[in-house]
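Data block below; observations after.
We just call them A, B, C and D in the order they show up, numbering each chain from 1.
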Amino acid sequence: MKPLRVGLIGYGFMGRAHSNAFKQVSQFFELKHRPVLKAVCARDAVKAKAFAQNWGYESIETDWRRLVERDDIDLIDIASPNNTHAEIAMAAAKAGKMILCEKPLAMNGPQGEKMVAAIARAGVPNMVWYNYRRIPAVTLAKQLIDEGRLGRIFHYRAKFLQDWTINPELPQGGAGLWRLDIKVAGSGVTGDLLAHCIDTALWLNGSIDTVTAMTETFVKERKHNLTGKVEKVGIDDASAFLARFSNGSLATFESTRYARGHKALYTFEINGEHGSLAWDLHDLHRIQCFEHKDEGRVRGWRNIHVTDSDQPYMKNWWVPGLAIGYEHSFVHQVADFIQGLDSGKPAAPSFKDALQTEYVTDAVLKSARTKRWEKVKKSK
Amino acid sequence: MKPLRVGLIGYGFMGRAHSNAFKQVSQFFELKHRPVLKAVCARDAVKAKAFAQNWGYESIETDWRRLVERDDIDLIDIASPNNTHAEIAMAAAKAGKMILCEKPLAMNGPQGEKMVAAIARAGVPNMVWYNYRRIPAVTLAKQLIDEGRLGRIFHYRAKFLQDWTINPELPQGGAGLWRLDIKVAGSGVTGDLLAHCIDTALWLNGSIDTVTAMTETFVKERKHNLTGKVEKVGIDDASAFLARFSNGSLATFESTRYARGHKALYTFEINGEHGSLAWDLHDLHRIQCFEHKDEGRVRGWRNIHVTDSDQPYMKNWWVPGLAIGYEHSFVHQVADFIQGLDSGKPAAPSFKDALQTEYVTDAVLKSARTKRWEKVKKSK
Amino acid sequence: MKPLRVGLIGYGFMGRAHSNAFKQVSQFFELKHRPVLKAVCARDAVKAKAFAQNWGYESIETDWRRLVERDDIDLIDIASPNNTHAEIAMAAAKAGKMILCEKPLAMNGPQGEKMVAAIARAGVPNMVWYNYRRIPAVTLAKQLIDEGRLGRIFHYRAKFLQDWTINPELPQGGAGLWRLDIKVAGSGVTGDLLAHCIDTALWLNGSIDTVTAMTETFVKERKHNLTGKVEKVGIDDASAFLARFSNGSLATFESTRYARGHKALYTFEINGEHGSLAWDLHDLHRIQCFEHKDEGRVRGWRNIHVTDSDQPYMKNWWVPGLAIGYEHSFVHQVADFIQGLDSGKPAAPSFKDALQTEYVTDAVLKSARTKRWEKVKKSK
Amino acid sequence: MKPLRVGLIGYGFMGRAHSNAFKQVSQFFELKHRPVLKAVCARDAVKAKAFAQNWGYESIETDWRRLVERDDIDLIDIASPNNTHAEIAMAAAKAGKMILCEKPLAMNGPQGEKMVAAIARAGVPNMVWYNYRRIPAVTLAKQLIDEGRLGRIFHYRAKFLQDWTINPELPQGGAGLWRLDIKVAGSGVTGDLLAHCIDTALWLNGSIDTVTAMTETFVKERKHNLTGKVEKVGIDDASAFLARFSNGSLATFESTRYARGHKALYTFEINGEHGSLAWDLHDLHRIQCFEHKDEGRVRGWRNIHVTDSDQPYMKNWWVPGLAIGYEHSFVHQVADFIQGLDSGKPAAPSFKDALQTEYVTDAVLKSARTKRWEKVKKSK
């Protein structure tokens, strides 16, 4: 088994999720590479050291540029805030490193294009952490759709509802809160939550042609945690859009952090001529499936507990009926990435795939401003 | 269309449910007889008159013996408390009337035997109001089981949970509370709630051979509403038993009025070699169905919304997706009773069928006393 | 008790639902008027007679103009197709009759305005059958919102999903299918299904300012059942829109007859600062309620089975835990209409209230054509 | 941080679950000891080596006696079949090792008593892997009950339903199938599944006084996988019992491997004077909670998604809304065990606690034979 020497940038929520995935994957999946936690990089040396010790990283860096230059690193994993992705990724590509990048890929489409170009020039393996593709129930949905079981698709609908920013006293910016800072995050829920919905939708249902959108910022001013000043809020608190897919289906998308009672309610549903599928992150181990071919009298939505060995990824875990959780989607993504290295067939979504999500979010944000239907740019 | 002249005894909860059924049935079902509300009988003339006026009964009686003797009555409907069923039914049979009787049939098996004998001698059409058989989802379960879709049966489980008697200040006896008075009700939840569970079980899964049971009275004394005295409580507040069916399957049954949070949670589930079914009175328009023959990857419990025209009784009501409720089970029972008259094939459960439920509840109550497994008497 | 002499026009699905309501209401609600089924009107005398006999209407008419002129009729109930509402209602108003009209009120806003003007001139009691307001769970939602329990509202979302027109062989027009005929229906799902969603939304969350919409006709040509010709389909099969309410909340609305697996899935959810509510027509007797004030550790969506006597309308029916169904919403509407007569405080929605829904559907259909945000006209 | 040097015996399903827990715990919980995977022991050296390599065990043993004697081992973890527990545990105790033992503790109560005595003599830290206590939703239930929120308890009900042995061609015995071999397992579902239900019940609701039980073996003969012979099946395929707890509450328990459609449906519900709780392993991250003190109109079962930082164990994982799975219950158990070492307050269930479960299962199996109510022996 060959080592895959990882250099991680960032030690927050995603830094933990990725590290756990790198550690668990070798025990549960048979692969030809084994991740080795070589270094973690963060500006604060004390925190970096504590993180390294906890997770078993062999060393630390406080400047990502040094990390990128190190010879003993094969793969740079970018788990730092959105506004840092592009510069790091382009440098890492130039240095010939494989790259895993947290979502969203970039601050916007044009920035993402530069990243994709850099990756293409460097020819390095790359992937973006749209982890929800690897929830077994979601992967099963992909399989069923690709097999044509739903037939012609008429409708797609997705939403991602949270409620954690309703309190107007919550500051914007600073540790754990950079997602509320427009300069760091690039946008609000559009790039954070809708981006997940869009990535899954493009994967399951193909490309989106046009959108009409609205966004809203319910709390107009918040204190900035770093400066201490009360400043205008730049992000979108809520974002919704109508869309038309290239396959002729219609869609509704919605995300917000003001839906009281929902912590992380990412749901999608797809309706086709022959059947429908629905999924919900709050019960991520289940997929609801309706098939019109079932006998009429006993036709109904099948509530499928995706924990059997013939369902995606599940033969690698426990026994039927015993659910896995959120973190496993990251383990699966690492497994698939390594499987891609081993087999020469790269796992998706690549930077290029993720760029398409940037194009959609760009069109959404533009439409919210222009109050018109906007075309979505297509990757070549 | 021929008239079916009804004489109702009792004007409580069940008197209302039956009256509504007699009135609605002709609009929704094509039948050769139409119920005519001829008379209602109750000891209190004022209340009887008010009830008659409200529901359109043409006349009243204050003595059920007079009602039974009237020539202009075809059918006696017994909706009075349990301790009155036997005497009325035997007199009505002797008078050659058709009889509908509220459940439970009798105060116990021996009393029920006399009623069955009287009915047999008189040769009159008869039925007991075990209305839950006629919830469309339950009837669908019956059809599926009878078609053999579940294969060999391994397990049956049923429970009926309520919480309305937890308050120790609730009196026993009197209007609306006679179900707490042992002299009037005969038993507590065993005859009231378990009887429903047992009737359905016998219908769906055949006869029960042996039982072992326990009962409990949590509140030992209550004021009697009529006498004003605090007296020992004679009824069982909770009753549970294990059973073995003649088909080799095992069962658990439970009922209580002390299950906080449940209003009328009658549920049953049946597990067979090839599939399973589950139902719940709180969402009575749904049946859950699992079939092992479904493809493995997409196997799951089908959540069937029983509102389609190819599902029992539903073509007579509205359109798919639009649910009917509790009261419709009574309408269906009247429809089936009349259909039985029209066709000469009597609808079930007859008095004789209902006697078998008495035998089971007798065995349950006996076992709770003897603390042994008891055999269930079988009707010849 | 005074008689309320009803003349019904139309004998289809809605004619049955209304007739049942007129018949049941007096048994379950204490009111000062009792509906008397005086006459039913339909062009086909044979069918009208059969309907009259089944439901107990005393007489028939084959020309609605004659019905409207009859002195022995107090109330005209319009249950005929959409394109007949305006003419009948205006004539009935002129004749001084009370009027109940099926939804949608009119073919469009301008036509509705004429109806509202006629009603206003005549000063007659009037109501539109937006029956879903009277589902107990929905009425409870209204009460909770009006009490301010949700606080400032951020989001509203509603959808009404069906799947009964996916089959391209289904004809357009003719008995039971006039909803597919643009000339008779005025629009497709927008006026049929979205109108329900909009009525409830306006009632619960106040007025809508602006919308952006899309509509689609998936099956472009169908045979017309009456002419036998294959003709272009004029109705919208699917319709979705984004909206901004006057109270600052954002909304998504969607309806379709192409969502495989859904029979009549009308759902709405409303998210406020302090709590949220969600409802679903497929389980109409339940409301989901989240309240942030609950203790953190045990906070969750409360699944409320709306069958208790302290919940709207339920003290008039059975006992806790026993559900009522779809048809009861019509009974409640008649009860409230009569209560309005008795008390002098008219029940909603009046023709004027329903006109506001026409304005929203007009704006939706317009936006779908212009591909712009459109303002919603406001009633004065 | 001090090392806690682990010697694992067994490399099956439980060997994996435990190993994963030992590896993950230090990253997610702040503790004073860190597990070190010192050695794994299995009779088959090749398999032991492969397992050691995969999980990072430093060495292997093929004889557990040698493992127990090693000086570099602090803790013996017994994850081998039931019939090996006693001998290993007693030797390990004698050698002064800490001991973790898979459930059930022993083949029966008398054997368990010897183990408890050995442990007591040795005075070594010990625990049994009844992991379901550490599902956050279950731990939350424990907290709520201990706070008295449910008041006087009336009812407890639990079941554990599976369907994996319905196929009569499934062999008994051999790798992965020893649970079907009476000599190795000691009993069937009683010791395997019911033992889990009983452990949780004793923890949540106190001791059980008496039981009446039935067991059944549906498939009477199976081929033995090791010998190749068709032999009588000695285990119980299904087991159900009624029980009375010392606190006066009544209970029903059921387990089976013949409930088609259920993979690992462990559910429990507890009903008290003031409220009720219900849990389900298939959606293990949720607890249902009903509290009578809630306002009547909006009272209902709260569906609690146990993923917030103020809920047990969850502050150590991800963010609200993101579920953990089955394996985490083992991580929590190791965390609590170490916390017990660190603090001097041992975590439960100890061997002595688990012995009480043996007494209940003994009484259940005895009652199934005697067909009488049996008293449950109580630990001193």
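The rule is short, and it goes like this: a contact is a pair of C-beta atoms (placed from the backbone, for glycine too) under 8 Å apart; a residue touches a chain by one contact, two chains touch by 3 or more.
Predicted model only: the values in this text are computed from it and were never measured.
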Of A-C and A-B, whichever chain pair has more C-beta contact pairs: A-C
Chain whose mean Cα position lies farthest from chain B: A
Inter-chain centre distance, chain B versus chain C - centres from mean C-alpha coordinates, in Å: 36
Chain centre separation in whole Å, for chain C relative to chain A (CA means): 42
Geometric centre distance via CA averages, chain B-chain A, whole Å: 55
Residues within chain B bordering two or more other chains: 262, 301, 305, 308
Complex contact set, residues of chain B against chain D: 150, 154-155, 157, 159, 161, 163, 166, 212-214, 216, 218, 238, 240-242, 244, 248, 250, 252, 254, 256, 258-262, 271-276, 290, 292, 301, 371-373
Chain A - residues contacting chain D, complex: 13, 16-17, 19-20, 23-24, 26-27, 54-55, 162, 164, 262-265, 281-286, 305, 307-308, 317-328
Chain C contact footprint on chain D (complex, rising order): 140, 143-144, 289, 291, 294, 296-305, 308, 310-311
